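One structure below.
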Amino acid sequence: MGDVAILGVPHDKNSSFMRGPAQAPAEIRRVMHAGSANLCTERGRDLGAQPNLHDVGDISFANSADDFAHITAVVDEVLKTGARLLTLGGDHAITFPIMRAVAQHFRPLTIVQIDAHPDLYDELDGNRLSHACPFARIMEAGLVDRLIQTGVRTLNPHQREQAARFGVEIIEMKDWTADALPAINTPVYLSLDLDGLDPAFAPGVSHHEPGGFTTRQVLDLIQNFPAQIIGADVVELNPTRDPIWMTAMVAAKLAKEIAEKMLEGVEGRETG
Amino acid sequence: MGDVAILGVPHDKNSSFMRGPAQAPAEIRRVMHAGSANLCTERGRDLGAQPNLHDVGDISFANSADDFAHITAVVDEVLKTGARLLTLGGDHAITFPIMRAVAQHFRPLTIVQIDAHPDLYDELDGNRLSHACPFARIMEAGLVDRLIQTGVRTLNPHQREQAARFGVEIIEMKDWTADALPAINTPVYLSLDLDGLDPAFAPGVSHHEPGGFTTRQVLDLIQNFPAQIIGADVVELNPTRDPIWMTAMVAAKLAKEIAEKMLEGVEGRETG
Amino acid sequence: MGDVAILGVPHDKNSSFMRGPAQAPAEIRRVMHAGSANLCTERGRDLGAQPNLHDVGDISFANSADDFAHITAVVDEVLKTGARLLTLGGDHAITFPIMRAVAQHFRPLTIVQIDAHPDLYDELDGNRLSHACPFARIMEAGLVDRLIQTGVRTLNPHQREQAARFGVEIIEMKDWTADALPAINTPVYLSLDLDGLDPAFAPGVSHHEPGGFTTRQVLDLIQNFPAQIIGADVVELNPTRDPIWMTAMVAAKLAKEIAEKMLEGVEGRETG
Amino acid sequence: MGDVAILGVPHDKNSSFMRGPAQAPAEIRRVMHAGSANLCTERGRDLGAQPNLHDVGDISFANSADDFAHITAVVDEVLKTGARLLTLGGDHAITFPIMRAVAQHFRPLTIVQIDAHPDLYDELDGNRLSHACPFARIMEAGLVDRLIQTGVRTLNPHQREQAARFGVEIIEMKDWTADALPAINTPVYLSLDLDGLDPAFAPGVSHHEPGGFTTRQVLDLIQNFPAQIIGADVVELNPTRDPIWMTAMVAAKLAKEIAEKMLEGVEGRETG
Amino acid sequence: MGDVAILGVPHDKNSSFMRGPAQAPAEIRRVMHAGSANLCTERGRDLGAQPNLHDVGDISFANSADDFAHITAVVDEVLKTGARLLTLGGDHAITFPIMRAVAQHFRPLTIVQIDAHPDLYDELDGNRLSHACPFARIMEAGLVDRLIQTGVRTLNPHQREQAARFGVEIIEMKDWTADALPAINTPVYLSLDLDGLDPAFAPGVSHHEPGGFTTRQVLDLIQNFPAQIIGADVVELNPTRDPIWMTAMVAAKLAKEIAEKMLEGVEGRETG
Amino acid sequence: MGDVAILGVPHDKNSSFMRGPAQAPAEIRRVMHAGSANLCTERGRDLGAQPNLHDVGDISFANSADDFAHITAVVDEVLKTGARLLTLGGDHAITFPIMRAVAQHFRPLTIVQIDAHPDLYDELDGNRLSHACPFARIMEAGLVDRLIQTGVRTLNPHQREQAARFGVEIIEMKDWTADALPAINTPVYLSLDLDGLDPAFAPGVSHHEPGGFTTRQVLDLIQNFPAQIIGADVVELNPTRDPIWMTAMVAAKLAKEIAEKMLEGVEGRETG
């Protein structure tokens, strides 16, 4: 039986419009322990009492020469212990350096991305590492075998072209139904951008794109996930837009449910 | 034909995490009369023109030696007039002293509770009267024949145990469907904790638990309620988290719809 | 092939409870261009690259003797160029002077109104031009052949009477289903009051009426609209209640989707 | 020994930019009694224990044909009992109908106005009863002998002309010092527009004009007022801009200090 | 040369009106390290580089049978190491158990309290340990030789009586001048309730009492403090009322300036 | 007689902690014209009626290869017309490229900077053009003869060293008095970072540093400025932290007062 590690990556230097996600790991941990809720998942597992679930703290960038190389190195180090990793971002740009490490440990591999945006830009404002670009970088580098995107509702011609070029499977939000996800035959890395949810449910994100998922829809997707989740991230919480911590609570809850799914995987109890 | 009375119970001393619900009755009344909406229900009844609907004001705790005994006494006094009671909380702790009085007047009796939490703790922080405990107290005292909970999404092992011990019927939020409520053969006391709704719809509560009801789902439940409602409370509005009064409007609207249902009961027109 | 013009009408002097919508056109334009999103619709049309879509700016009331006559005159001027008009309000009172012009150019005509309120009052606080009255004025003046209202959840006896008098077809919110809209055989003017949405999705409006549409429901209605849209307005955004611009983003997105539908109409590609 | 009466005037129909002050009396009373503070003044008088201080409630406009005539009539009625009146607005427009009554009972009379704006417009948007105009109306009608304005920082050419025409004495904010107020030989009506304070101290007003009084400066002015205060109003609190009730607390505190000053007057203990 | 220790006391169970201060230590630390400011004091000392300044973390109450006994024990333990203690509250109730330990180590001793309220109630709502009572308890127990209060602006008859009984020296806010503090011949424990500041500067507190200190006035008082500070607390930050963390920044800045003063004391460089 | 031009520079890519100032020019213009205030200065000049005051709009960076070169070029172009320039930022980084142009047109020249921070970092996070660095760049390039800083309250050892190296004259906030500014014998460029004000007066900035100027203090400084102002900027308004536009109003008011001062300069009427 293996472990699941939780790692904070407080990094938002590649955000294009607002900053703030660097402060998200501290906020998610604070609301998790503030006493307004407990640490149980909806199916009843008390995450406060799991010997194989570890919070390994936040990456420090204080002395980092190359932040992305540092992320890849730290993630690789965790994975070498045999643990599986649940990351609390940070903005979505961090998924590229994370995947550089994950791809060394898990293949074949599918990413399922929940996101209002495809994040497939070749570059944005001259920055090829922008949080608008990680999945272009991941696909160019061949780090995964398959990329499935859900919640998307902002495709422009350039991004449609990129999606076609990389063979990305997109289930647009306007076409979503409870059974829309295709069959998946590989382990999955789940990348959850909170702006995939409707701003009504997750106002504390940098980019409001109305018309997204309800929290319950995302909970259903996680609880009934049709494949093993071997890694995940929850990104783009922006505490500067979250005055009463409502979105931090959403991030905490979704992270708890994902953690349970990942624990089932390492315990060999998952059947999806 | 009997009466329906509306009573405010501005009490939040047993709240575990935040205070604020003591200010809720004043806020609910203010938004009801502020001129942004009318007093009609969705099915067209003008509550401003119902001779048998009375607002009997707020309980005062200024000279109260034992707040809970005082609540029970005031409620009993109202019920003795033959009226049925719709209470505006206050936190959820008040439902226990309310039920001590209600149980003297209506039996057999079922409680239908809408709530993110089962509120079945044996004690919290040493307080057996905490707003996390009322339904443990109610069941221990045998004040009702049956307790049905909906919207619940925070069950931990202790509360599952308590639910089993008291025979509580729980329809967890993750399993909710429009026809999930079982048949009910007794009159019903409806206890509506606003945190049963998703925080997107009711942000102004002390405990945000994402993944809850939409306002429309609760409206549907009330409008099509499958039994007679002989008493009800709307609790846990926290005005300190409700800067533009959005949740106060939700509380006011749900209270109006419940009041109509209760009026139908006293008028003998209800068939549910 | 014709044009579609976007016109701001920053007017809220007939609002009964709060003011603010006069500032909405500036806010909607600002968030559209702030860089947090792109100008593409969900079906992929880049509105920033449409030669036949024009923003004709805001009406100025600086030297206006009769604001409503001025609105009618400006709208008429735009329509005389052959363009179709998408208006950004302003409160809902402006729909009456707009329709006085529109009715000169398009007949037969149906209005489809999305709104929490029927806005059929004969007068409010002595003001017959109140934002609570425009559809009473429109129907009295015979400006359209048919009025269909959706999202309504505040009918009182007076408004039910007015609706009966004018033959308004109302699909109340409590009865809404995805296929509730009746068949429509004429071109349509779509009047979208943002309070038709639930306050969770559109908090930035003057009148919160819980229990409304999700943003996705309105998007579905627009994207699958069963008739040609020859004119439209998006009204009642109140920036004074929209601190993180969440509702302005909803207004902007819905306006974009409506604009696309209208463009399809002038291009002769729409088949609804 | 006479009485001091507190009267709410929930009226904001003559506000030019935002509405909201109609909800102020309810908010001021709510925060006064919410339990976060006591009812003592800074000099130690417990206003909760003054037999000659009465809250006479709010004026109702439900059946009012002419709101301003109604205000004048109600105020006159109160003054006829021999009481002095402290009014909680409402917007500043109400000071004109109040003074029509006050001038019948107290002459000679000086108004001391604390305000960011002189409110001397001849008309605004065609409305001669606008909240921008009350002091033009009062001076035209000769209702007082002298008008002294403090805190003013928005004088434009038209208002400078009006001030000259009416002989208004203005101590502009930029020239304010602790001893700037001239000697006053008559009783005074104190008209306190909360926007006279800097928005840092009183954000909950419709018109933010930076550079105003601190709360302490206004407290000093009231506590050391150099004449007898025989009437007063506290106006322009806008609860829609006061999410954590900070300005309502300022209004409540200033009202308490003014009430004490007025009580000293009726008790004959004031020496100013 | 001794040490200065920083200790968080996340405790607010004795708050009478709102809760929230239990979350303050985490918030103060987060904003201190968020990257929006540096760790230097205004006189240039970099607190991030002081070998004798230690953050010893937060007290945990998870297994506490008697929270106040636990606070006293933990503080005593820290003081026994020879360190001086700067506490981050928590509500003001914690100052009593803190002083029970401090009084064992430092005598003679004067408390200088900055506060809108004297906190001298004999009991509040039946709770003698309420945050409204700590200085009554401290004086009754004879834990200090002298108590000087500044910023006070809410004295009622009961509290005036208590102050007289205990010989408390109060410089009321209305009488404050830069040189109002009397000479002090003993070491000082500085107890800083953030509501001593005006709500304009510190909105994030449970009790808004307008008319208080500016931040600069408190900075001046600390920087020119006329005695050695051997212990201090910064209490009553309520993060639930601090949406953009403005008050957390004030708490952090004042704590930094106090820490510098305390460091000067242990270094023997202070001359005040 | 010359002209004064107002130019928006919506640029915040060099902000280190938050973004948002790129949206400031639009917000400042919107509140200036929203109808809540007039366009007169405190000394009575109507800026809406000045033929030699021009708003030349915002710089567009849509096709900019090098944003800073573009800023310098646009500013140079404006100055070549003989106009003097008042810039609305944007973050403080823009002052460096602005000064590259200004220095070509006005020498000798003194900068008076109002700011919580000296902005003298050699680099921040590897970025030598960071908004923490502009005055290091300006001094290195010898663009001005003298730099005087006021409001500063965050000096760390590195910045003290930089200040010494460049001969910067700093009047720290803790030492500020109304006559603290030294005599100035050259024309002045006034660079106003809104965080020089206390966060109570200007909460809508990225970096809250308590203990700053009141709005009135800055108004006094501007209105009595002891030298001719030949250029100015108002920077660091962050609309994402300004929910009710309070800080935008401060920015607008200060910009108006500066504009008047600059107009007096071109009109030859200034004597300072």
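Each chain carries a letter (A, B, C, D, E and F) given by its place in the written order, and its residues are counted from 1.
Just so we're on the same page, a residue touches a chain if its C-beta (ideal position, glycine included) is under 8 Å from a C-beta of that chain, and two chains touch if they have at least 3 such contacts.
Keep in mind it's a predicted model, so treat the numbers as computed, not measured.
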Classification of the chain D:chain E interface as same or different, half of numbers criterion: different
Furthest chain, CA centroid comparison against chain E: C
Chain pair, D-F or A-E, that carries the greater number of C-beta contacts: D-F
Centroid spacing, where centroids are CA-atom means, of chain C and chain D in whole angstrom: 40
Whole-Å separation of chain centres (CA-atom averages), chain B against chain F: 55
Interface hub residues of chain E, defined as touching at least two other chains: 17-18, 34-35, 198, 200, 214, 240-241, 244
Pairwise touch network: line, ring, star, complete, or other: other
Set of all touching chain pairs, with the criterion as stated earlier: A-B, A-C, A-E, A-F, B-C, B-D, B-E, C-D, C-F, D-E, D-F, E-F
Residues of chain B touching chain D in the complex: 22-23, 26-27, 30, 34-35, 240, 243-244
Chain D - residues contacting chain C, complex: 13, 15, 17-20, 125, 240-241
Chain D residues within the chain F interface of the complex: 16-18, 153-157, 160, 172-174, 198-200, 203, 206-212, 214, 241
Contact footprint of chain E on chain D as seen in their complex: 34-38, 40, 42-44, 46, 198, 200-201, 214-216, 219-220, 223, 244-246, 249-250, 253-254
